[in-house]
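Could you have a look at this structure, given as C-alpha cells, before my questions?
Chain naming follows the written order as A, B and C, and within any one chain the residues start at number 1.
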Amino acid sequence: MSAIATRYEVVVGLEVHAQILTQSKMFCGCSTDYLTAPPNANTCPVCLGLPGSLPVINRRAVEATIRTALALNCEIPEFSKFDRKNYFYPDLPKGYQISQYDLPLSRNGHLEFDLNGEARRCGITRVHLEEDTGKLLHEGAIHEAQASLVNFNRAGVPLMEIVSEPDLRSADEAREYVMRLRAILQYIGVNHGDMESGQLRCDANVSLRPAGSAGLGTKVEVKNMNSFRAIHRAIEYEVERQTQVLESGGRLAQETRGWNDARGLTVSQRSKEYAEDYRYFPEPDLPPLDVSREWVAQIRAGLPELPAARRERFMTAFSLSPYDAALLTSSKTMAEFFEETVRLGAPAKTAANWILGDFSRLLNIDRKEIDDASIKPRHLQQLISLVDSGAITGKMAKQTFEAMYRAPDPGPALEAARGSTQISGDAELDRIVDQVIAENVKSVADFRAGKEQALKFLIGQGMKISRGRANPQRLDALLREKIQ
Amino acid sequence: MKLYQRTIRDLHQMLVDREISSVELTDAVLSQIDAVGDTTKAYLLVTRELALRQAQAADERLRANRDVRPLTGIPIALKDVLCVRDVVSTAGSKILRGFTPPYSATVVERLEGEGAVFLGKTNCDEFAMGSSNENSGYWPVRNPWSLDRVPGGSSGGSAAAVASGEAIAALGSDTGGSIRQPAALTGIVGLKPTYGRVSRYGLIAFASSLDQIGPMTRDVVDGALLLQAIAGHDPSDSTSSLRPVPDYLATLTDGVKGMRLGVPKEYFVAGMEPAVEQSIRDAIRLLEQQGASIEEVSLPHSDVALPAYYIIAPAEASSNLARYDGTRYGFQAGGGRNLIEEYMLTRQQGFGAEVKRRIMLGTYALSSGYYDAYYLQAQKVRTLIIEDFKQAFKKVDALLGATSPTAAFELGAKTQDPVAMYLNDIITIPANLGNVCGISVPCGLVDGLPIGLQVIAPGFGEAAALRVAYAFEAATQFHKARSPLMGAAA
Amino acid sequence: MPEPESELSSRQVEHVARLARLGITPEEVTRYRDQLRNILHHIEALNRADTSKVPATAHPLEERNVMREDRREPSLPAEAALRNAPSREDSYFKVKAIQE
C-alpha cells in the first residue's frame, strides 16, 4: 500500500443504476414486480419489442429522476429527450435501449459525505432515465452453456443511471459514496436500495495515475459488484492489481472486468478496443420533454428532508455527536424510528444508544431493516422509561429488549418486565446488604481501607443475590451507609 | 354495376336500404379475389372466414340499426404492415413468416369498431421499402391495368386490390410516397395524412418519424370516409396529435373558388414524362377554371429532399429492424455455432436485398464518425424542407403537382439500379419530410396507364387537400375509369 | 462539416454489416460496396444545402411531454407472449449461448 500512497493516486468514478419504484414499467403498463412473477408473465407487445408496438413515457419515472437529480444538487435543463442506444443482446428485445444521450434530464450535481470525520464531495456528472433489460438464465456454467433462457419480466423497468465524476480516491470513499447515495434514494422514496436483488447496481471505473499528475490513467471498468463489501473489495483488488502491473513495468489494457466475489478477484470480460458503436440517435417514437421551472419547483417542494440536513438537525436539536447523527440518518427508516421514539418522550441520547447499540447489533445479525422488526418506537420508549424511573435495571432492560426483539409481539415481554419491578422495599434491600457484608468480610475491610474498587464488587454481589432486581444506586448508598 | 366495382358511399346506402347484405357484398368481393387474385397477387393472405364472420356481425348491426357507421359491412383490405390479432402479419418479409401478433393495430381496432369487414393482408414491398412491390419477400404484385407492369409501391398490393375489385377500399402506409405513388399508378385515390394524424400503434415500423397510415379508395369521398374513421389521437402512440379531427365531409364539396393554389416549379423534375406533365398542366388549368387562383411557388430545397430521405429513413429503419433477430418471433435460421452467428445467419436469410441495403446504409449513416455528416445534416435539411412548405403555405392554400414523374413501368425495369428506383419518389418524399399531407387523385391515362395529380396541403390540412381533390374529381371522369381486371363499369 | 468519405471500402462494408448483424458473402461485400458508393454519391447532394445556422428536426411535431400516469395495465397471457417463439423452454425464450 505504501507504493500506492506515494507513487500512484487512485481515481474512481462510479456508475450506479437504480431501478425506480413505480407500479408500471417505463414505457408500458406491465407490472414492475419481476422478482416474484412467473417467467415472461409481466410482458406485453411494448416490452417484448413486438413489431408495431410503441412506447409511452411513465410520468412518475420522469419525476422520480428529477427528484433524485434535485437531491443530488443537479441542474435540470429545460429541454430533455430520449435516444436510442443500438446494440444486439438477447435480453434487449428491440435491439436498442431507450436511454438518454446528449440531453439527459439532469447534470452537474454533487454528493457530500464524510469519511473518518473528514468532509468529501463527489461530482455527479448526470442522472438520466432509461429502461432495464430482461434477464438471462444460463443453462450450466456461462462458458460451457449451450443455451440461455430469457425472461423479459424485467425488460422495461424504469432505471436511473447516476454517473459520478472520477472524484473518488479510494475504495473507502467509493463505498461511502454508494452508501450515502443509497440512503438518499431511500429517503426520497425512489428506490429500495437492495443491491443483492439488483435494484441498485454499481459499476466502477478504476484507474491509477502518478501522484501529483492531473491526467487520467488507463481506465478499467469493473462490473458485478453486488454489495457494499463487494464494491470495496473489488476496488481494493483492482488498485492492487493495477499497481502491480505498473510496478512491474507492464501496461494496463482498457477493458471491462467482472468482480468474482467467491474468488475475490476481477476477471477480464471484453476488451474495449472492440468497443460497440451504439449509434445513438433521437428516439423518434417519443416527443421530447419541456421541463418547466414550475414543474421542477413542484417536484422540489415534494422532496423530504435529506440525510445531510437531517443530520445537522439531529446534532443541534438533540445534541447528538456527529458520529451518532450520521449513523442514525444513514437510513431513513432508522432516522424516523429515532425521531418517533424521542417524540414519544424518550431522552434523545438514550434512544440513540439503544438504536445504534443493541438494536442495530441484533438487526445486523439477522440482516434485517429496522422497519422489519416487531419493536416499534412506542415499545422502545416504554422500555427506556422503565429504566429511567428506576423500575428496572439497565441489565434487565437489555435482556427484556432482546426478548421483545425475538417475539412477534414485543408487548408481553415489556409487560413482564414492568411487572417484575425492582426491589424497592427497604426491608428487603436491608436484608440483602446485610447478607453481602456478612459473606464478604475481606472486601468490606478493603473498602474500609479506601479501596473504592471493593465496593463495586460488593454491589455486584448484591445484584447477584437479588437476581438483578436490586437498584445498583440504592445498593451503593446502603452499603456505604452500613459499612462506614 | 357489379358490387365489387362500387364505392363505399354507394354500398353504404345499399346496405342501409337493405338492398344488399354485407355477406352478399363480401361474397362478391371474395369471388373477385378468387377470379383475379392469382393474376394480381395482391394479397399475401385472404382472411375468408374472418371476413364472413365480420360480415354476419355487420348484417346484424344493420338489421338492428344499432350504431350503423359509414364503414359497417364494407370489405376492406389491410396492408400487411398492419398487425391484426391472431392473423399472420409479416410486413411482406420472410423474416416475419408466420408471425401472429397477439394484438391489433389501433387503426384495425377502429375499423373493427366501425363494423368493417377484413378481407386479408395485402402484399407490399418488404417492410414498406420500395416503389414497385418487387421487393416483397414473397412475390411481386402486378398492375391490374397492365399485367407486365408494377403497381407501384410499397402499398402496391392494397392499390392493386382496390383497382382490381378485390377490395372496396384499403389501408396503406406512406413513408416516402408509398400510398400516393401506387394510387397514382393504379388509378385510385390515395391519401397520406400529416404525420401524427393517424396512430401508428401496430404499424410495423419502417421509418418512425415519417410513417403514416392512410386510405386507398376508388374516389375522394371514400378517402374522406376512411380517413374519418382512423384519424385522431391514440394514447398508445405518443406521436399522434391531440388536435381535434375535423368533419372531412362537411367541407368536401365547398369547391376551389377563391382558393389559392400553388404550383411548385421544382416539381416538374427532369425525367418527367411529357404526357404526365401535360396532364398535370391540364389539371391545373381545370382547377383555375373552377375558380381557384393559380400561382407558381418555389420549394427551393426540393432537390435535397431525396438525399435527406435516403439518410433519415434507412437510419431509423436500421434501428427499427434490429428486433428481427429470430429469438422471440419470426424466422430463425438455425445452424449458427453461437448466438452472434445465429443472428447474422437469420438476418442474412430472412431479409431481402433492398432491406439489407437500407439497413447497411442507415447503420453507416449513424455510425461513429459519420453521424454529423449524414444523419445530422439530413435532419437539418429536413428543417429547411419544413420551412419551404411553411413559406409556400403563407401564400397558397394547397400545392399541385404530379404524384409520380411516370406512369407504371415494367416489372424488372429498375430492379438492378437502386438509385433509379429511388427517383420514383422524388415528388412524394418532400411531403413526408415536410410534415404536410398529400393526396393523389386520378388525372388521366398515358398510353392506357393511369397517372395521378398530387394535392399537398399544410400539416393537418387534410380537409383542404380533400376539398381540392374532390373539386377536381367532380369535374372529371378519370376516377370512373376501371382497370381491365375490374371490368367495365357498365 | 467533415467531408464524408467519398469512397466506401470493402472493410467498411464488412464492419457495417457486422454492426448490423447481417451475414454477408464476399460477393455481396463487393456488390453492396458498389451500390452503396453509388447511393452515397447521390447523397453527397445534401452538402449543397447551407445548414450552418439550421437546427436539426428530429421530431416533426410540436407535441411535448406526452406521458402516461403510472398505472398497471394487464399484461399478455403468458402463452400469447411466447406463442411466436422459434425456440422456447417452459415459459422462457431459448437462445443459443452468447460466447463470442
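The rule is simple: contacts are C-beta pairs under 8 Å (C-beta built on N, C-alpha and C of every residue); 3 or more make two chains touch, one makes a residue touch a chain.
These numbers were taken from a predicted model, which means no experiment stands behind them.
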item	value
Both-way neighbours, i.e. chains that touch chain C and touch chain B	A
Per-chain CA centroid nearest to the all-protein CA mean	C
Chain of greatest Cα-centre distance to chain B	A
Pair joined by more contacting C-beta pairs (A-B or A-C)	A-C
Gap in Å, rounded to a whole number, between the CA centres of chain C and chain B	23
Gap in Å, rounded to a whole number, between the CA centres of chain B and chain A	57
Between chain A and chain C, centroid-to-centroid distance (C-alpha), Å	40
Chain C: positions in contact with at least two other chains	19, 21, 58-59, 61, 63, 66, 68, 76, 81, 93, 95-100
Multi-chain contact sites of chain A, meaning residues that touch two or more partners	45, 48, 56-57, 88, 90, 148, 150, 277, 279, 281, 284, 286-287
Multi-partner residues of chain B (at least 2 other chains)	99, 102-103, 209, 235, 238-239, 318, 322, 325, 327-329, 339-340, 343, 363, 367
Interfacial residue positions of chain B with respect to chain A in the complex	81-83, 89, 91, 96, 99, 101-103, 105, 200-205, 207-209, 235-239, 315-316, 318-319, 321-323, 325, 327-329, 339-340, 343, 363, 366-368, 371, 375
Residues of chain B touching chain C in the complex	98-100, 102-103, 195-196, 209, 235, 238-239, 241-242, 301, 303-304, 306-308, 310-311, 318, 322, 325-332, 336, 338-340, 342-345, 347-349, 351, 356-357, 359-361, 363-364, 367, 369-370, 372-374, 376-384, 386, 418-419, 422, 435
Chain C partner contacts - residues on chain A that touch it in the complex	22-24, 28-31, 38-45, 48, 56-62, 81, 88-90, 136-138, 142-143, 145-152, 270, 277, 279, 281-282, 284, 286-290
Contact footprint of chain B on chain A as seen in their complex	45, 48-57, 84, 86, 88, 90, 93-96, 148, 150, 277, 279-281, 284-287
Residue numbers on chain C that touch chain A, as the complex places them	19, 21, 58-59, 61, 63-76, 78, 81-82, 89-100
